[in-house]
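Chain IDs A, B, C and D follow the sequence of writing; residue 1 opens each chain.
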Amino acid sequence: MRPRLRDLGIEIGALPTGRHNAITDVAGVLVGHATVVRDEPTVARTGVTVVVPRSGDSWTEAVFGGWHNFSGNGEMTGIPWIEETGLLDSPIAITTTHQVGLVRDALVKLAVEQGGVDAFHLPVVAETWDGWLSDADSFPLTEEDVRTAFASAVDGPVTEGAVGGGTGMICHEFKGGIGTSSRVVESKSGIHTVGVLVQANYGRRDDLRLDGWPLGRLIDKDEVPSAWDEPPNGGSIIVIAATDAPLIPIQCQRLAKRVTVGLGRVGGYGHDSSGDIFLAFSTGNRLAPGGDPWKVDVMPMSDMDGLFHAVADATEESIINALCAAETMTGQKGRTAHAFPVERVRELIGAR
Amino acid sequence: MRPRLRDLGIEIGALPTGRHNAITDVAGVLVGHATVVRDEPTVARTGVTVVVPRSGDSWTEAVFGGWHNFSGNGEMTGIPWIEETGLLDSPIAITTTHQVGLVRDALVKLAVEQGGVDAFHLPVVAETWDGWLSDADSFPLTEEDVRTAFASAVDGPVTEGAVGGGTGMICHEFKGGIGTSSRVVESKSGIHTVGVLVQANYGRRDDLRLDGWPLGRLIDKDEVPSAWDEPPNGGSIIVIAATDAPLIPIQCQRLAKRVTVGLGRVGGYGHDSSGDIFLAFSTGNRLAPGGDPWKVDVMPMSDMDGLFHAVADATEESIINALCAAETMTGQKGRTAHAFPVERVRELIGAR
Amino acid sequence: MRPRLRDLGIEIGALPTGRHNAITDVAGVLVGHATVVRDEPTVARTGVTVVVPRSGDSWTEAVFGGWHNFSGNGEMTGIPWIEETGLLDSPIAITTTHQVGLVRDALVKLAVEQGGVDAFHLPVVAETWDGWLSDADSFPLTEEDVRTAFASAVDGPVTEGAVGGGTGMICHEFKGGIGTSSRVVESKSGIHTVGVLVQANYGRRDDLRLDGWPLGRLIDKDEVPSAWDEPPNGGSIIVIAATDAPLIPIQCQRLAKRVTVGLGRVGGYGHDSSGDIFLAFSTGNRLAPGGDPWKVDVMPMSDMDGLFHAVADATEESIINALCAAETMTGQKGRTAHAFPVERVRELIGAR
Amino acid sequence: MRPRLRDLGIEIGALPTGRHNAITDVAGVLVGHATVVRDEPTVARTGVTVVVPRSGDSWTEAVFGGWHNFSGNGEMTGIPWIEETGLLDSPIAITTTHQVGLVRDALVKLAVEQGGVDAFHLPVVAETWDGWLSDADSFPLTEEDVRTAFASAVDGPVTEGAVGGGTGMICHEFKGGIGTSSRVVESKSGIHTVGVLVQANYGRRDDLRLDGWPLGRLIDKDEVPSAWDEPPNGGSIIVIAATDAPLIPIQCQRLAKRVTVGLGRVGGYGHDSSGDIFLAFSTGNRLAPGGDPWKVDVMPMSDMDGLFHAVADATEESIINALCAAETMTGQKGRTAHAFPVERVRELIGAR
């Protein structure tokens, strides 16, 4: 069992975490993975991660959400509707670039089959590119993988690292993948939780920082080889932020924008080739699309600062958690993405 | 007393109007004008129009709002905050291009003096350019004019035509200015009013349509000379839309975007030189910025179609009302903007 | 052979059309359709339309583009990258809502196979919903259909009506589908063409206007039954605008926004259930993504007014052309969408 | 003479600076200040800073620009036009919140007087709030101050700290103000400079970091009192980024967005009360608004990564430079904003 960042003695920010230090600390949020690792007929190191915004009613009631496009070399379906109305009425999936479409249509099928959706559905599916380790051009994912990820969605601890959509990902030239973290925030509006989940596949090693400390430069590439033999051209990060604070869409957009702070502090710059796309949603209100006028709770704008700290800090920690959890993986063409050397990092931390 | 569009026998759309067919039909909305027409020391044909979103509490409680930038060759202050939070916490003013700043700071002073605002304030002031009739480069407006407009803000019928901010404006090559209209909409969410006020200073005569009918081409320039001796280069239109339907900011943005439909039907194209900027707000909720968690009423998205028709239709009618009301005006350099020939139009309508 | 709008004696606006009055009048733009009409194993009235921005080099060189989200209840993939950089480097496809994903991944495959794309690709695929006539929940489209549409893309006249992505669509309660039109514009920057292609699936009959004339109200539902037995809940329109005027991305966004004017004049309001999403691109510059510094021709902003008229007028005419071309179609559950009664319309026009 | 950050032995990032480590390292960019410090008739600690994008032709030729609204509790005029066309055709001014209007209209006057502008002008004026030290409600700035700032604009070294618009500002609870920095970047497109100027008035001390190192927490408030006796409610930061890399507007927007990374690394979170608004412009092309078709040089998107590092790093350094330069200031009501203790910081750095 590999340590998480906190097991190395480093805490990001001053706010406490939720129970599992995971996006699932926001009540009702579920996470499921389908991990596809096989060498035949093609080398696949890929998968799907599904985040369900609200257990129980996810097909029939919407939550409010908002997105931010920090660096747009990526894909997230479902954007026009979220941008127009701030309604998120589907499970969210994160996967590999080439098969966003398969995953998206599979979610539509699930909506038709399970949700009693009788017209149309505009699911949110985002991606980062795993084609360095995985033979992405063989299109290895199937609809069944999406069903598996959805069916396995649960609350409680979230498996991190090279799982689900994060299976084949690379981050700061180490093995990357899925990471998560959460924060508990108190304000005049009460006590709320912010949870973050990332699919981390971006960045240069030299830019990597742990709580501000420029660790990346201290890990020599002779010691731990870089996953890249050349400058990365497929880096990206998808960040999903959830909160039970009652936010309206414009506030979800605010929250999504502040993800940038956490990413920037770890070492993200929004490179040209990077699709750094963030989605935030609030479980604080359930909206029945065709029903009676809505009565909505809203946190006043001036109470939001704690949420902004929380989302930045939890993003930072989620990325490092993804690094900590992911083990060394060898994929197609003999390529190896080496794990973040957690024991060496522990030593370096001790010697600071 | 010049007729309004309805007095000519033309109604736009199927929805009924409010009592005054004016933005003030939305309860609590007030409108005031300061009109500056003088020939010494410089030729001034200018002014300020103030729209107060909520009588009584406009300094201490905000309403939700949203904007749309259809054609950005213009100015509206206050945009970053409205874009970020959707809170509109100031009176709105519309004036002449060169003196947006004077009007904006004057509203800050009013906030300091009357509102007990102890920190800062980001008022919304928009403009169109009256420098064809008015010697705009002499900066004729004063802070006192802003105070006059604010102090005169009332509900009930709204004076239209060459008044307030619309004093020196030109529209479809006729004399333009301020116009207003309203609609009453019924939906599952109840009965609501949408009111629109425009400061109309844009457009070519050949493009002018009355309820789709290409009237502009029928009014010969020998008969009624064009206000322009050359293609217009300062045209713009500001549209303020108000409703008592309880909308959150993202819905106000939706409403503001649909203004485009009404403008397009009259003959607006969003020309390069045109600042066609729209602001919509909802009086349906009062938000106390620093207070308790908000309880907010929200009209479900699927109930909004009536509002979309209402705002498009009321925009269309407001523009024509501005034309109908404005009388011929002579300004600087002997330039004359001729009135829209309402009696000739009545004949043409009869002969259709 | 059904008439187009011009064959009925109505011309929209003052600008001349291009040779074919089609989007393909913009040199290099190709259009292909795959039309899927069958009753077994499920009732399919669906398809795919592909627009290739530049024949010859579409896989290796990008063009500039920009989008506008007028009413977001729809899907268009590829948005984050277009929003970030304004680079359009893929064929565009328009199809049915439920199978956007299939079409999107199929374009990725084509990019891999034909284009020598070695990393990733973010194609643009948009949709409207054909599930009233077609059994959309049976997911009838296949990857092969996408290949067919792409392989059949040609210049010259474009087949309109119930073809390609427009096969199962409904517009203003008549049978809708694909329509196209073009305009030629002269400015100080030279002579340029603007072409538009729509997939029209929106609107109420009572709102339909022909060049401003409220024709829709004149066609009784006893005479020509409505396609809807209840208020439409799946309406949408996708508009693709192309020009050879050399525009940078921000200018393509300007052009896309002005599509709203044409749509509004025909009778579109951007209803809540409508995904009215517009994409504009310029073939005036070819951009080699990884190459030397770009030398780019740019039309000055002040020369763009002609393009704005052109795109509004061509959008208006494209929608009516879609109506004119589409023949009555019966689909699932015995439902029939009746053709726009062009001969009756001809009579009504004559009797105006 | 107080040291700048580099004099303390800390360099941000790996890129070299320009000659003066200032925004004026971008050829043609000028900076001027008017500093207003007086105690009668009211206590004024305020001013104006002017950034001229291109010496010589700033009234007659535009440059391309773009903005980003990271946290919108602030004002920047001129946004609709920059958002619509990406043309920046005015000097930029930064000042105090309450008098944005005065400064804005004064720039219009200068345009009329000096620039031969015969119609209208939409200048860019941004602000942060100095009302803790300065009696902002007395509206102390005059048009003459704006003229002074503009007339004093020069290239070469830029005065930093409590000068110009930064006079009364507070940053991370120390005295703040104006800071600047630059970077030189090499790419396949050649060698380019990125320069940044900030007006820094935001942030909590505990969040302040120097190159990632959490210095703020090490400076006890008993040792150096906080400028705030309560949580800040007026914090904001305006960032102006200039480059001679030839960028089109959408690329300027990209650059502006990456400013967030630098701000986040120093300790900015985009608090609710913070107006964190960024403007980037490129001097790489001069655009004559009414002239011939433009020939524009454009850096390919894939060459931009160096610029992204440069703007983030120079933003980070500019903020710390503002802190380093600003001396302790006492203002109204006996309030004192204490200087960042550079010698104590030097010791702390040495003892790391």
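Simple rule for what comes next: contacts are C-beta pairs under 8 Å (C-beta built on N, C-alpha and C of every residue); 3 or more make two chains touch, one makes a residue touch a chain.
These numbers come from a predicted model, not from an experiment.
**Q** Under the document's definition of touching, what chains do chain C and chain D have as common neighbours?
**A** Intersection of chain C and chain D contact lists gives A, B.
**Q** Just grab the chain with the largest centre-to-centre distance to chain C, centres being mean Cα coordinates.
**A** D
**Q** Which integer distance in Å separates the CA centroid of chain A from that of chain B?
**A** Roughly 44 Å, centre to centre.
**Q** Between chain B and chain D, what is the separation of their C-alpha centroids in Å?
**A** 35
**Q** Just curious, how far off is chain D from chain A if you go by their C-alpha centres, in Å?
**A** Their C-alpha centroids are separated by 33 Å.
**Q** Listing for chain D: what residues touch at least two other chains?
**A** 71, 84-85, 254, 272, 301-303
**Q** Mind pulling up the chain A residues that touch chain C in the complex?
**A** Going by the criterion above, the answer is residues 69, 71-85, 97-106, 108-109, 112, 119-122, 125, 129, 131, 136-137, 139, 233-234, 272, 275, 277.
**Q** For chain D, which residues count as touching chain A in their complex?
**A** So the residues of chain D touching chain A come out as 14, 70-71, 206, 209, 211-214, 254, 257-258, 260-265, 268-273, 301-305, 308-309, 312.
**Q** In the complex formed with chain C, which residues of chain D make contact?
**A** Within the complex, chain D touches chain C at residues 84-87, 188-190, 246, 248-251, 254, 287-303.
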